[in-house]
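Structure below; questions to follow.
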Amino acid sequence: MIAVLPGLPGAARALMLRDLRLLWRRRGDAFQPALFALLVVVLFALALGGEADTLARVAGAVLWLAVLLAGLLALDTLFRGDAEDGSLEQWMLAPVPLGWLVAVRTFMHWATTALPLLLATPFLAELMHLPRGQLPVLMASLALGTPLLSLLGAVVAALTVGMRRSGILVALLALPLYVPVLVFGAGSVAASAQGLDPIGALLLLGAGLVVALVLAPLAAAAAIRIALN
Amino acid sequence: MTPTDRPAPPLLQARGLRFARNDEPVFGPLDFSVDAGEALLVQGDNGAGKTTLLRVLAGLLRADAGEVDIDGERARAARRSRAIAYLGHLPGLKADLSALENLNFLCGLQGRRRGQVPESAMAIVGLAGYEDTLARQLSAGQKKRLSLARLWLSPAPLWLLDEPYANLDLAGIELVNRMVQAQLRAGGAALVTTHGAYAAPPVRTRLLMLERPILETAA
Amino acid sequence: MNPIVRWFHKLGSPPYFDRFAARWAPWAYGLGLLVMLWGAYGALFVVPADYQQGDSFRILYIHVPSAWMSLFVFGLMAFYAAIALVWRIKLCEILAMACAPIGAGFTLITLATGSIWGKPMWGTWWDWDPRLTTELILLFLYLGVIGLYNAIDDRRAAARAAGLLAIVGVVLLPVIRYSVVWWNSLHQGQTIRLFGESSMDPSMVQPLIWMIVGTKLWFIGALLARARGDNLRRENGKAWVAALATGKETPAR
Amino acid sequence: MSYLDYVIAAYAVFVLVLGWDFVACRLQIGRELRNARRRAARQASHPASAGPAPRQDPDTQSPSELNR
């Protein structure tokens, strides 16, 4: 029997095509994280009193938190659907490494949940009266930070994928791991607000992203193997 | 039987295969082999470990002891993924994709035989005309047939079929038997689990009876 | 076979480990208690009051060893977990998971005593000092490991998943620590040195060393006892546990 | 400067947490041994029921056993 086996790009293409199709079938869902972040921002504004000065001072931190929490809520959909219908088993049986498929899936999940959020950020920043000068730093920190959050979250989502309901446990596991990302992400905005150089924090985020790109898919793949035992 | 008796090594050979869950033995130690052109019928009661055995052979679970050889070589992950196609309880179909899209994705992920296309495989399993139907709208039997089409496209010589007859009508059972026959004629082999002998492919078969292991109990 | 390797393999057998733990845990507990009492006596009654901090610095004699233990236990947990993941040694799974509640306990002590020490020093129960903040996140990491271990039904899968989380945590812990220090410097906090700038008098160091040794010994006792409990839970239903429970002689293995 | 209350409170916390840890261990070991004793007694009273002893505590029963 002569086989046509997929290489790494072929399997990645198949998986990306599938995810894009699924997204298109449920295109309404793609806006939910952005909607959630909008709601968080609105609630913060209501709680803080809506004064432009007050809002501007905390805008960077609130926007980072809104994005982080929206990503946290979306985390459960990363592998759960594929675990429940048996797709993950087929991934494990495929002739490409599971870590590669996990990396591609995490990238697609980031592109479908965090990227719309990133595009909506200037709008949200306007709601929070973020000083214009801080917007580029905020966007850069989010662009580097949200993939990092997705990769760290992928490990946690993989660890909890075998449970029927993970609920609050995902938050308990993921949030402590998110601390450095939040600190450097929100910190870079705070630094630029104080007139300090934000580049250092951004570089650290970038370095973290490179390391996580290599290690997180491997850890998540190992976690999936454990969870589907 | 010494290895010199046969010219080619068996397609699949298990030696001293054992698996335990939470320290309770599920099966084993098992010794068996399957040659190319042969089917191995795995029978046993509920809980005898049939599904677990297939999952261990597929590499989804790790055996606690023992070895599995494929074509006379130790079965590593890369080797397994090329040699083994697994049909489990979960079909691995996305409900929001059409039948053909599902099949295309799984072929893209796992590879396919040269000369086979998803459309013809769908016709073979009797799903012609259902290409654009969403998987969520298929019946349980039709989903099973779609999984069989995936199996048919798979380039792997060794099929691990877990309860392939479940959810199928008489024509479907006949279809499974025909597919297994064709696979064996092409030099492949199949492991089939059933809990009764009511349906078995009319091919050269070996039988592996699994029994529920006696648990070690207090005094 | 090397006698050490052979002993380790023997220790991996659940009944043998049970006997080993039952035999040595009380010794470690007792010795740890004695050493800690001796150290506490020195810390409370022998060492003179600090000229800056007064008597409150006596709290540090339990705060510092607990903080050390909280980090040490996390590292040890990840170490056991790594062995368990690579070589699938069941005893290491049990030991790794036995580390978690004890480490969480020491982290809790560190946080509570740090806060109590901080009240007279800083005038507030909580300050976002980098050390305390790191300890707080460490506590969450411990709770995450414990929570994950208890949330998965299959004991072995649970131990392996929680162990993987512990390894991820130990990799991230230096990053977390560094990020918190950076954050603190960004927001103009200041760090108070625990002990005075001047080199400490040897008589002041001695009780600290005793406390550090004592907590380590106590930890060994706690680790053995916890691992024994988990071991018994997993083995419940086996003949040797029944023999042990009903007081009959355990069959020699 | 007398911070006696604070010092006492801190040492009390130390003793409480370590004491709790110690007691929790003892209780768990006692519970497991009691479980084992109960199980042995049950099996002694029903020697006829051969075969695998049903696991008593629900948390040791893995859900995957249901769909094996």
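Letters A, B, C and D mark the chains as written, and numbering starts fresh at 1 in each.
Just so we're on the same page, a residue touches a chain if its C-beta (ideal position, glycine included) is under 8 Å from a C-beta of that chain, and two chains touch if they have at least 3 such contacts.
A quick note: this is a predicted structure, and the numbers were derived from the prediction, not measured.
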With a step meaning a move to a chain it touches, how many steps does the shortest path from chain A to chain D take? 2
Pair of chains joined by more contacts [C-beta pairs], A-C or B-C: A-C
Just curious, how far off is chain C from chain B if you go by their C-alpha centres, in Å? 47
Chain-centre distance (mean CA atoms) for chain B and chain D, in whole Å, is 42
Per the C-alpha centroid definition, the whole-Å distance linking chain A and chain C comes out as 33
Taking the mean of the C-alpha atoms as each chain's centre, how many Å separate chain C from chain D? 20
Per-residue overlap in chain B, given as positions that touch at least 2 other chains: 21-22, 89, 215, 217-219
Quick one: which residues in chain D touch 2 or more of the other chains? 36, 39-40, 53, 60, 62-64
Residues of chain C that contact two or more other chains, please. 154-156, 237, 241-242
Using the touch definition up top, name the residues of chain C that touch chain D in the complex. 29, 40, 44, 49, 53-56, 58-59, 62-63, 66, 101-102, 105-106, 108-109, 112-113, 116-117, 119-120, 153-155, 218, 222, 225-226, 228-229, 232-233, 236-237, 241-242, 244-246
The answer for chain C against chain B in the complex is residues 154-156, 234-235, 237-239, 241-243
Interfacial residue positions of chain A with respect to chain B in the complex: 1-6, 10-11, 13-15, 17-18, 21-22, 25-26, 81, 85-87, 89-96, 101, 228-229
Footprint of chain A on chain C - complex, ascending: 85, 137, 140-141, 143-144, 147-148, 151-152, 154, 156-157, 160-161, 164-165, 167-169, 171-172, 175-176, 178-180, 182-183, 186-187
Show which residues of chain B lie in contact with chain A when the two form their complex. 58-61, 78, 80-82, 84-86, 88-97, 101, 104-115, 155-157, 186-188
